[in-house]
Amino acid sequence: MSRRYEDLTGPEIANAVSASSILLLPVGAVEQHGPHLPLSVDHVIAHETATAIVEECGDELDIWQLPTISISKSNEHAWSAGTLSLSPDTLLAMLRDISRSISATDAERLVLLNGHGGNTSHLETALRELRYEFGLKTFLMHPFLPPAYGGASTENELGMGIHGGLDETSVFMHLRPDQVRLDKATRRVPEALAENTHVKFGGSVSFGWLSNDFNPDGYIGDPTGATAERGKQLFEHSVAVLSEAMREVKTFDFGR
Amino acid sequence: MSRRYEDLTGPEIANAVSASSILLLPVGAVEQHGPHLPLSVDHVIAHETATAIVEECGDELDIWQLPTISISKSNEHAWSAGTLSLSPDTLLAMLRDISRSISATDAERLVLLNGHGGNTSHLETALRELRYEFGLKTFLMHPFLPPAYGGASTENELGMGIHGGLDETSVFMHLRPDQVRLDKATRRVPEALAENTHVKFGGSVSFGWLSNDFNPDGYIGDPTGATAERGKQLFEHSVAVLSEAMREVKTFDFGR
Amino acid sequence: MSRRYEDLTGPEIANAVSASSILLLPVGAVEQHGPHLPLSVDHVIAHETATAIVEECGDELDIWQLPTISISKSNEHAWSAGTLSLSPDTLLAMLRDISRSISATDAERLVLLNGHGGNTSHLETALRELRYEFGLKTFLMHPFLPPAYGGASTENELGMGIHGGLDETSVFMHLRPDQVRLDKATRRVPEALAENTHVKFGGSVSFGWLSNDFNPDGYIGDPTGATAERGKQLFEHSVAVLSEAMREVKTFDFGR
Amino acid sequence: MSRRYEDLTGPEIANAVSASSILLLPVGAVEQHGPHLPLSVDHVIAHETATAIVEECGDELDIWQLPTISISKSNEHAWSAGTLSLSPDTLLAMLRDISRSISATDAERLVLLNGHGGNTSHLETALRELRYEFGLKTFLMHPFLPPAYGGASTENELGMGIHGGLDETSVFMHLRPDQVRLDKATRRVPEALAENTHVKFGGSVSFGWLSNDFNPDGYIGDPTGATAERGKQLFEHSVAVLSEAMREVKTFDFGR
Amino acid sequence: MSRRYEDLTGPEIANAVSASSILLLPVGAVEQHGPHLPLSVDHVIAHETATAIVEECGDELDIWQLPTISISKSNEHAWSAGTLSLSPDTLLAMLRDISRSISATDAERLVLLNGHGGNTSHLETALRELRYEFGLKTFLMHPFLPPAYGGASTENELGMGIHGGLDETSVFMHLRPDQVRLDKATRRVPEALAENTHVKFGGSVSFGWLSNDFNPDGYIGDPTGATAERGKQLFEHSVAVLSEAMREVKTFDFGR
Amino acid sequence: MSRRYEDLTGPEIANAVSASSILLLPVGAVEQHGPHLPLSVDHVIAHETATAIVEECGDELDIWQLPTISISKSNEHAWSAGTLSLSPDTLLAMLRDISRSISATDAERLVLLNGHGGNTSHLETALRELRYEFGLKTFLMHPFLPPAYGGASTENELGMGIHGGLDETSVFMHLRPDQVRLDKATRRVPEALAENTHVKFGGSVSFGWLSNDFNPDGYIGDPTGATAERGKQLFEHSVAVLSEAMREVKTFDFGR
């Protein structure tokens, strides 16, 4: 039986989805990723990761995969042709509407799997709103945690491979080998930023940025050495880790 | 070269999308369709129709296929487990945000291809809002026009095969043969309604309805005789007609 | 006893309005109608039609006539001096507020009688919202159905007498003979549009338009042959048909 | 020539309305007024007063009478059948939309003539918003200033004839003699309130109230001695005073 | 024990705040007050007045002083550097949120003590909204009632010492003697306005204004003779009167 | 000269605030902090830290201290008496309004100094919105970074001293020694949570929580060993670090 929510009928959902089920909502983006990656990167990665997690442990943990949200909040890339961006108000309204809809089922756990770092803080906020308004237990995980939120990035990129950099490019080469134009890419690392102690990606002081604040090409990192093999390792590691995390989600009860 | 908008990079979009391009946005739904059809029906049909149109005439007319909106306004089915519904305010906000994003390209024409009758009036309203606010030339077409908006429905269904009925079921059997559970379906036609002259689907007087107003199963029509072959004919005919319509869209200038 | 809602006292409304009553809300517009018709056309027609329906069958069907909404959504005419337009958000908010207010009575049926084609799709959307949010049975009827929604228009106008054309001008000559300046009017039919098969008024593909998209005068049709007599016939026919429709509204129960 | 805005055509408005014109917008209400007065009281008074002002000095001052807003903010009476109330958000949105529309003309002065005390503070707020957002010179006047805003009320009513009391009832008897049911009315004065020095109508401390906070009948005052003659005098005096005020509006320039 | 709400713990609030308590919310502003007064004037006065009232009768009447709202609606001064202004929508949202929060206590009475005349009408509106939505008994008082709402202003200022004038400057000299730059101030009275009978501050006709409508310096009044002594008298009188008013608030029950 | 923004006049702000100035906005909260700490904790800490930073380097870096926002988003504590909470929509509206106001000055840099962990993600989101909408360079710093965002917490608290724990209690004892009721406090650490690898505070998976999800007392940590001396060290260290960070803010230009 398919574990895609949308493949079931209404009556089947009513039966299959219970208080111990986990709903998994992949959230992506459609936004510029420099000259070497297509607009689809974030939602492809979110979707493929969700699919692989469900393959890994969907039956074991009773996970239902919701349809991937392709377009989300990408206003840091709104200056670029191609980007399709929702305002934070629209994105939060959408998540509230979806959670209200879920209330017609017995589900109690909703996991957002976020492929786009530009959503991270707003989805963090949404976790609480959805818990407060609808009583859901809510979770946020990432295929690859953004460096600004504690994720890793390579030394060569000075920890700033945050958008179209080595890892993201590699993973996408693994998932969609035909769609990467590595020859178009070059190193785009805002080196002076690394000299800061506090105000930098992952530093103790956050800052507001648009992707063309750093350079007119709008990607940040050094994708030049990306390989599909590296991407495969990263992807498989991510799926393994997130599957493990899903097991914790399954029984999570605030430490009570 | 792919004609999926999301498969291009930002700089490619800036080059490829011009004032004579057509952007095609499929809009679907995730909502109950009775016991015989999955939740995905509307967005699968919207997506597949868009894809077929683009195959047919995408290069000729310079059409770019935007990512399919899966979840839209389905509050007539909000009573049912499985349905995921946005409020009309959220859906309009989303369309405004997307249209604002499109303003970063040179595109002037946006076609909404709507697979869900419950959106029709609201997308009609959006056509004007998007033209008024963003200056876009906007269009709305349907794989299958809802009977309430002048579309056909079989005689046996008394013109009321509006949700999960013969034609929709047939088309879905053609597109996803494995996902139809025809044995679960039976005739659900609100016959007394057909006796009305004015207040009925496609009558001169519209009425507000939720899908369980008619019967607790929430589908309206008679899918019992559905076949994939009938669906194939309907689908191919639709694609042909809509491709022709896209040619009119290409040069449309308000009759001036 | 008056059948105007506003002529009763609060306690009288509490007594008189029951679950079998019908509330009738005329919705008009204040918007340019070319050089030959005043701004008031749509709300005058809505108001006079409602009044005539109530005279015809108000006692029989227990209809209560709500005060006419004069100003509604007319942004297709916002370019012109004289037009007073609400945004779709404001109009929907107003209808929600009025419906919430109605919940303090026992009424279950609300009919919107819409004199302005520019509202049609948004009022269609509202029908469902008001049913969903307030449990009302909601209906939408038109003195004259817009051609884009299946209404008729003369052959000479190529089916495009949609704003200030022959029929509307005639009806207004019947209702307010002193206020029509027929000498100012001429033929304004976007003829090239009629050559389209799909993208046209009443075609299978809708399009977003502002009234000055067609010509700088902002009316569409050919009012030159309008007469009060033609208007009288059209008006009386409309009242007769809508009174018949109100009888169906009275007992409407979704075909159950 | 009519001075009703809606009686002109779009092109006529463009010509007739100039920077020295005054637009006059009557604002009423549809709300319970006790057992002796119909729901229409406030908008009838606003409308009739506006009409009389325009007769008195419309040509002299170049005043254009906008269509009367019948339904406004009446949530202090929302408990009662009959009341139709907008939220403050909806009312403000409506006024913003109308003012935006007015920007398509050359008009610079907008007068709100408010027949409903429950709107007063919100229209005061709107005066500034409309000036700030649209650059209009904005004014608020009342047929009869509410006691809470410095208006008079009879000694017998202890200054609290604020809703359905002697003066309002008298004026309505003058305007619509057939619609007053004086035999149903009795004295409804919250006498203990008059003993307060600060917290009372017109006192230095305002308080939030719903009309059934005072008594279950929801009117406040003593209409028992109302007469049409008294109403005639009040009405004519009001028209004279407001016409004089309109002359000040005509040349008002912030004392510069 | 402190009577500042924020000085208590959550459990203490649960115990201490009862149905007979009064919550006192000072509301100020951060806005230009001419060249002689700092931006803080309105919230300093609101805060100090609240503090003095609580000292005077806080224990007697069981008053709890909420934290002062510093920034509120000041868009009449938005043209000036320094002003921090909320929209009316934001201010009302904030008051609704705070009132919703208060519902977690047993409190039934909320007093807004408003130091900024530009808020007055909107807070009046809020009184009803908060009563209607949350069932609170709500009150609005002012350290010094604005002339437009019946407050006094000196004869020399022709009743127009409304912003940065003699009394406000004097009171601030009393409260913050070091922060007044009286040498920078001069007389700024829009004298021609005083000749109006109706359209003036405190007249029967209100008007929308921004503070630079009168003069480019943006204050209105004549602060030149201000003294700390006069300020002391005004302040102490205000505290005495408002304490008396609080006693009325304590037992207020709509005259029932 | 004072470096409190509100202590200046409008004209002084126009002169003093330049493109190289830094505006510093402390954001606190009014919310339950268990039985041992008052509601004011977060805004007192934010305010005192801001004040100390300005003392340390205000003149050197041309910092202007905006008035502290006392009440912000605290809905995780909305269940408790005492908490005053804004919705995320209201808080974002407030920040947009304040930033719009700042546009009337020449300031280009705005630092949010956030004393309340419950705001962190939403303020992160706001950083980008304010940059995108108003072109400001925006920054977020914390007196004490929440553990969920990479901040430290003691080993004894298993890294979960997140609300009313050892460090916060100590700092508050330093700042307001009289207001801490340490005898009321006991250890409240959700120990089972620490066994998780992913779903925990500071783990790779975030979760939505309300403060009473963990225990009915609503604080999380072990304040029992708190001392003013520890608080003093923590506070002084924080001020030193943040002053250093402000120097980076001063010259920050996205690494260009």
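Just so it is clear, A, B, C, D, E and F label the chains in written order, and each chain counts residues from 1 on its own.
By definition in this document, a residue touches a chain if its C-beta (ideal position, glycine included) is under 8 Å from a C-beta of that chain, and two chains touch if they have at least 3 such contacts.
In this text the structure is predicted, and so the values were computed from the model without any measurement.
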| item | value |
| --- | --- |
| Other chains in touch with both subunit A and subunit D | none |
| Fewest hops from subunit B to subunit E - one hop per pair of touching chains | 3 |
| Farthest chain (mean CA position) relative to subunit F | C |
| Centroid spacing, where centroids are CA-atom means, of subunit B and subunit F in whole angstrom | 48 |
| Rounded Å distance between subunit B and subunit C, as computed from the means of their C-alpha atoms | 27 |
| Sites on subunit E at which at least two other chains make contact | 78, 89 |
| Chain contact graph, described as a line, ring, star, complete graph or other shape | ring |
| Running round the ring (origin subunit E, first step to subunit F), the chains in order | E, F, A, B, C, D |
| Residue numbers on subunit E that touch subunit F, as the complex places them | 4-14, 17, 30-40, 43, 66-71, 77-87, 89-90, 93-94, 97-98, 100-102, 104-105, 179, 181, 184, 218 |
| Contact footprint of subunit C on subunit B as seen in their complex | 75-76, 78, 88-89, 92, 118, 120-122, 124-132, 136-142, 145, 149-150, 190-194, 196-199, 202, 204-210, 213-215, 241, 244-245, 248-249, 252, 254-256 |
